[in-house]
């Protein structure tokens, strides 16, 4: 089975400080994998490297047959990788509906001139975008909030909207950066159900960063543990969390906090 | 699952079209009455002149709103684009095209206006494209400074071209514009800008304002979108310049320097950002304020009329202190809103 | 060769005035991220304060007159911040910028109505005698007033540098520049730091105004042009940086003076702004500014 997302030997240093060194990943087309690790281990940096926000010093990223290592973030997104952010990044003053609608831009299907003169083609396409966006919102139970400003939604709904927005671009790979951050156990349970449903309904692979163990244990087929930018363990979640090196990395963090 | 929210009755396409056609008919009628010298008592040429200036300023302010309100940048060079358009139109009208006197009345100026205004828009759009390209690497305040720098350079370049009169200005431009043409162009500008900001292009501009990084990971080519916005905004500033040149018949480089840019900015922020209604309101309120102050103070004592120069900035400061988002910030009058939505 | 030296000397004098204004822009930008469009006009008011004092108290020597003008202008700067800016500190940034524009227009027109639109000059209180030994050494005309302007300006800048980098107040200012929101947590009075910043920036601008009014001339609208120039100098150097503002000012003055001397005075603005854009395209955060980092 060919990998949807393949990452080989990815490395990045900031001013001599190694953030990630030699990160490898092979994500199957319908796979769910996770990355865990203590704070500052380089997890988000991996996401930023994959999505083109940072340029890697070494290594390759490819999506199917396309190498995206040198792509900018927008090109990576158009190639088929969508992501969410640890600190939610919605278009706060835009409505919930417009947060979704803007996703259809690359395939808006009309040029500037059509928009300028509001041609029939433009109106047809706009109607189609509206219908698809509403259908999309319906799927995530957000249709009732369509005219609310995204920034005014409760936290859980902002998370849901951000995931919905990422999916509206029709990605082949979805990257979720700590989707359960700041959630209580009940909300975490809902989130797990949501991600399951997303994985069922959309033909995509998911890679997620998470601190909350239930999310990782219930969802991921395979996880890898990062510490100081290096993968210290990899395998099925149940086994990895018992790995002595992993325990040490986490304990070390606990001690540092105390 | 949930029923779609009730959408309050918004005016249908006919209401808007009626408004546009009505305004146009009125404008043409007024123009004809002016030419024939049979104006009603209330509408003396002075008011008509004010309305014409208001129209041109609405084009300037609304197009700058595209950059500063919707795209969320702080562009400081709008008068420069206006200047490019004004000189392009002036050159074409005064040096290339036949004088209006050699053409039939009413139709003649129209035939001259179309190519000159098109040239004004094209030239300004080209300048806007260049400025847009130059801003790729910068954001925020540095972008403002680059646009300001271009404004200064445009003025300085024109000052150094003797063929267009250099610092002394460009004289002898035929008067091809009047109130009707300006009103038509103003409505056209508002219609086009309204269509654009409500299209997916407008949503992309807003998304860049709200969160450029999130827009990028949603597949938006931010540079391309910025470039489009700069080119379009500049083109409309050029349109205003083309109208201005053929209305005033005399232009100098200094009428397009940062003092004009400042005036446009003040009207824009007075009205409010990301709101076309605000752009209209800002221009009207500013013009009214200046004229009222002039007339009111002048009525008490002629020498007091001077004091409006310090009263008007004070009023501006008061408005900003009490309504920091301007008079209409982020809100629209009903007829400018998207149809069928609350 | 002599003429180049002569031009560079002229440039140093102009650059010193630019720097005195540019520092105020830079400092205010550093603490509240505001392009204070009224700052050029504060400089203008400072110049006129000097003029009025000089006309009213003809006996007053420069060393008394200038600090007095600086004090009055500093009070004006603090008052502007208190009345017009403070309430908008948390508002959308652009409403603050527009308010600053309004304050600037207000000051211009107030001075115009109060003093008149004419171009004026401050009666010189500086010795205009030539500096003989320096003239002999360089072979160009050097007068005491020119040297005084350059050296007093440099001394003021050095004093500012010392205040910012060597005192508790300066540490507080730099802390505010770094992160406005955590500063009150550290027991620093944010309002006082901002007020002091406006006071210092305005006082320096007033010093520039008094010098400018003696070396060149004053008019109510001069703050627009010179303000923009000084602002650009601050940006070229890297806004928020004292050294950058000084470097940018001398650089800009040099380019301007040499353009006028060897090309054409008509090209002065075009070349100055062309240089600005070119430098910003190469160093997007100015020569000595901190590069903006992408936060994710």
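Should a chain be cited, it is by its letter among A, B and C, assigned in written order, with residues numbered from 1 in that chain.
Definition applied: a residue touches a chain if its C-beta (ideal position, glycine included) is under 8 Å from a C-beta of that chain, and two chains touch if they have at least 3 such contacts.
Computed from a prediction, not measured in an experiment: that's the story for all the values here.
Counted as hops between touching chains, the shortest connection from chain B to chain C is 1.
When chain centres are defined as mean Cα coordinates, A lies farthest from chain C. Taking the mean of each chain's C-alpha atoms, the chain whose centre lies closest to the overall C-alpha mean is B. Separation between the centroids of chain B and chain C, computed from CA atoms only, is 33 Å.
We define each chain's centre as the mean of its Cα atoms; on that basis chain A and chain B are separated by 42 Å. Averaged Cα coordinates give chain A a centre that lies 48 Å from the centre of chain C. Across the assembly, chain C contributes 294, 296 as residues in contact with two or more other chains.
Across the assembly, chain B contributes residues 213 that each touch 2 or more other chains.
Touching two or more other chains at once are residues 53, 85 of chain A. Residues 51, 53, 72-74, 76-78, 82-83, 85, 89-94, 98, 101-106, 108, 110, 112, 115-118, 122, 126, 129, 134, 138, 141, 143-144, 146-147, 165-166, 169 of chain A touch chain B in their complex.
Interface of chain B with chain A (complex): residues 1-2, 4-5, 192, 195-196, 199-201, 203-204, 206-207, 210-211, 213-222, 228, 232, 330, 341-342. By the touch criterion stated above, chain B contacts chain C in their complex at residues 68, 74, 134, 137-142, 144-146, 148-150, 152-153, 155-157, 159-160, 166-167, 213, 258-259, 262, 265-266, 269-270, 273, 306-307, 309-310, 312-314, 316-317, 320-321, 324-326. Chain C contributes residues 29, 35, 84, 87-88, 91-92, 94-95, 97-99, 101-106, 109-110, 112-113, 224, 228, 231-232, 235, 239, 264, 266-270, 272-274, 276-277, 280-281, 284-285, 292, 294, 296 to its touches with chain B in the complex.
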